[in-house]
Amino acid sequence: MYPFQEGSFAVRNGWYVAAFSNEVGRELLPRTILNEPVVLYRKEDGEAVAVGGRCPHRHFPLGASCLEGDSIRCGYHGIAFGPNGDCIDIPSQETVRRNIRIPSYPLVEHGLWLWIWMGDREKVNTSLLPDLNEIGLTVEGMIARPFYAQEVNGRYQLLNDNLLDLTHLGYLHSSSIGTPENASTPEEITTKPGFLSSRRYIKNADAPPVMAHMGHNVDKIDRVVGMDFYLPGFHAGIGDQCYPEDHPEKPGEVISKARVYHAVTPSTYKSCLYFFAMASPDEKGLDGMYEYLKPVIEEDKFATEEIEKMLALTGGVPQDLLIKSDRNAAEGRRMLQEMMDAEA
Amino acid sequence: MYPFQEGSFAVRNGWYVAAFSNEVGRELLPRTILNEPVVLYRKEDGEAVAVGGRCPHRHFPLGASCLEGDSIRCGYHGIAFGPNGDCIDIPSQETVRRNIRIPSYPLVEHGLWLWIWMGDREKVNTSLLPDLNEIGLTVEGMIARPFYAQEVNGRYQLLNDNLLDLTHLGYLHSSSIGTPENASTPEEITTKPGFLSSRRYIKNADAPPVMAHMGHNVDKIDRVVGMDFYLPGFHAGIGDQCYPEDHPEKPGEVISKARVYHAVTPSTYKSCLYFFAMASPDEKGLDGMYEYLKPVIEEDKFATEEIEKMLALTGGVPQDLLIKSDRNAAEGRRMLQEMMDAEA
Amino acid sequence: MYPFQEGSFAVRNGWYVAAFSNEVGRELLPRTILNEPVVLYRKEDGEAVAVGGRCPHRHFPLGASCLEGDSIRCGYHGIAFGPNGDCIDIPSQETVRRNIRIPSYPLVEHGLWLWIWMGDREKVNTSLLPDLNEIGLTVEGMIARPFYAQEVNGRYQLLNDNLLDLTHLGYLHSSSIGTPENASTPEEITTKPGFLSSRRYIKNADAPPVMAHMGHNVDKIDRVVGMDFYLPGFHAGIGDQCYPEDHPEKPGEVISKARVYHAVTPSTYKSCLYFFAMASPDEKGLDGMYEYLKPVIEEDKFATEEIEKMLALTGGVPQDLLIKSDRNAAEGRRMLQEMMDAEA
């Protein structure tokens, strides 16, 4: 489906964020991932697990059922399933056939997130998870927080496209985090298997409005703006602000540093899950960004949902106009399509 | 459609409840039955009638029109139809062609209900209506009340499945009318043409919470729990509670008795009408059950609607897992499919 | 699609009302017309223009973007388009290829309305616009007002059908502007290319309720009720009320006169835009009609939307019953189908 080839929905053999770690506890959390119903919870020993969210008996949602020890008991007829998906009790009979089960999914707690593997179990590979140091999360002095988990009523790739083309910062987010230089500055792109990186080094340009909000009354600044895409669904962003190199008093000195984390997980064919988190060495500043960035992320949600509506109106498969700044997004799409083709 | 064969929606030659008798008076009541628009009303002499709900001229809903004596005058261009469906007036012309008409449907007032026949008129047969004495409605000393008429956003068979498998009482309704023994007790099934009956004789088991609510502070009790399915859409339930046979003071004595009536009528392909009524020899207790059972019936509505959503997510034709307690529901489905096949 | 032949949606080569003139200013106004997204605005010199509402880059709605001088700058990545549809700036690159553009549509300010031409540019013909004198708008002494612009959730032809068959006045609008004589009086129909006219001369009949509302306590009156359809989407109505010719004091004297204007513009396949305006020589009376006619127009919207729901329920292609009063509506449908066939 758009913008991929007919019949291609999403990569299956890869890690997707299913939830922030702190969202999952001893309550059942239902989520739809890759168009499959999933339930997340923690066992009594604290281990988080993910199983299928549909009782195979009468299709009642297990996410609307009850946790009983480490098992889920279906809220309809009481059939119980262990955390590995095996049926362990059918109240209306004494024995349970061995072939009665729900799916269970590999789930890994890594950083702020719970990562799920919806694809082929034999291909599970934790070395494909983003390196936490590389994304700046576990770097000495950095403090990280999960910010918002939300469902977006637009197909996941629209949100990936958004993150792969940061020229939108100066327009969609002109009142907060962007300036026209986010678009006019040349982009440097690097790739390796499963990884796509964009950087812009903005020199001696106006500071975006967020700087004043943070108490930095600066005029011209240097900025590094980048985004590292760990396919299929995780984007680690970088935003460093410095005094320009010709600043009379503090040449090149760091003003502020931040890392942002966007996880995009396909939900239904036309909706996705979106997890935004942030890290900074400045704890107070980080707390202040929680409210400040809410409407900014809403702008991305708005763009995604409006485009989904536009696709519905125009029939769903428009011709894309490719411009110079689409090099990164086009490469991201190409790499995802290639992964899907390899799975087909 | 699920859970029936592709192309099979619902039995047509049979009686369905269109409304409780007390819902229909001198106001037009629109209902969608077997995916057809229907309007119900009473003539001036009190007789209830059912006609098609779509004006054949411009498809305006006759249910949003006006009753004029015994006729409906379309609210759009004023075309009038008598209770037998014949067009009796077209305001813009002096004569009316004889072939202009809307459907009229056989409608019978029987018990608390108005029963409609949507199928072949030549096959109308009132002896197919449930016997009111057999279902306990007109038994000496019993008092009966219509409780709730509601539209459920799930296909009718999901609600039939619910009623044909009472093992759900101890789980979906564990806080009110069920205990695990509803599932663990063996089921006795009897059938005859157009009829399917289930009974469970629960001995010396914990009383469900509803008993305390009714003021019966009993510990262990004997219960008879059953449901008689009068195909295609009426379920008469039985719930008798007694002291156990080894009770020191009142061995085998009746504590309470109730009859419940569930009518399930296909509305659109993915919604149904659900009519719940009750009878008891205890008038005050019956009145008290009106509020008490509202959330219980909501639980059945919730299960039905959630499963309909699950079918939409997963594509609509899941494989069912059949377990031992599905014998009755599977037989009910088989009998309905057989009736549909005979009509095809 | 119903009520036209399979594959026929709407005439393209013709003028449709896109907005009332006073709706469009220096804010972007998004509208969906003939299933295409359109944006309307005025240039700095006051000229109103219409361009496509979808950015060809990532399909962001230009109607949710920003006006910058005479151009629209896309709210997502900042690509700018001039009022003729040409791309004039891409912030992320220095040059713009000449073939990047959005549609621009001929738009004419004429009377109270902005008229758009969605079809073949080579066939644009302003002489096809309704003559303002002929429709009574610019007649000496007449005062005209735009009343309501609204979106109706029903296909446009249902609203055209409504306007082409005024026998509904005495039923759908029996509490305000109609009496049974609107249906029982013979209709006179005249046609010429692109034009279809209906008149009814009602003699010595009860005055509709609106007359009392306007302060005219009259008993029997003569009325002229007519509607001129300027295909494909504009209806000019006439409503003149006089004392009967045998009135003892004021034989044949005019009581009140009004012109009403209904513009019906196809929006999506199952919705339309509906613009209602009115003219009268009595300014105070005209102002009073603004509130009075709101619920009357709501009745037409209700009928249209209920019929659309009925079409959805019954599968969308019902057989129409044609009666004598359908001569005008049938001719209107035939003429529209002929125009569509000529375009195919």
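Every chain is named by a letter (A, B and C) in the order it is written, and numbering of its residues begins at 1.
The criterion applied here is as follows: contacts are C-beta pairs under 8 Å (C-beta built on N, C-alpha and C of every residue); 3 or more make two chains touch, one makes a residue touch a chain.
If you're wondering where the values come from, they're calculated on a predicted model, not measured in any experiment.
Between the two copies, chain B and chain C, the C-alpha superposition involves a rotation of 120 degrees in steps of 5.
Here chain A and chain C face each other with different sets of residues for the most part; under half of the interface numbers are shared between them. With centres defined as mean CA coordinates, chain C is found 46 Å away from chain A.
The set of chain C residues touching two or more other chains is empty. Across the complex, chain A is touched by residues 161, 165, 167-168, 170-172, 180, 183-184, 302-303, 306-307, 309-311, 313-314, 318-321, 323-326 of chain B. Taken in their complex, chain A has these residues touching chain B: 32, 35-37, 54, 56-61, 64, 73-79, 90-93, 100, 268.
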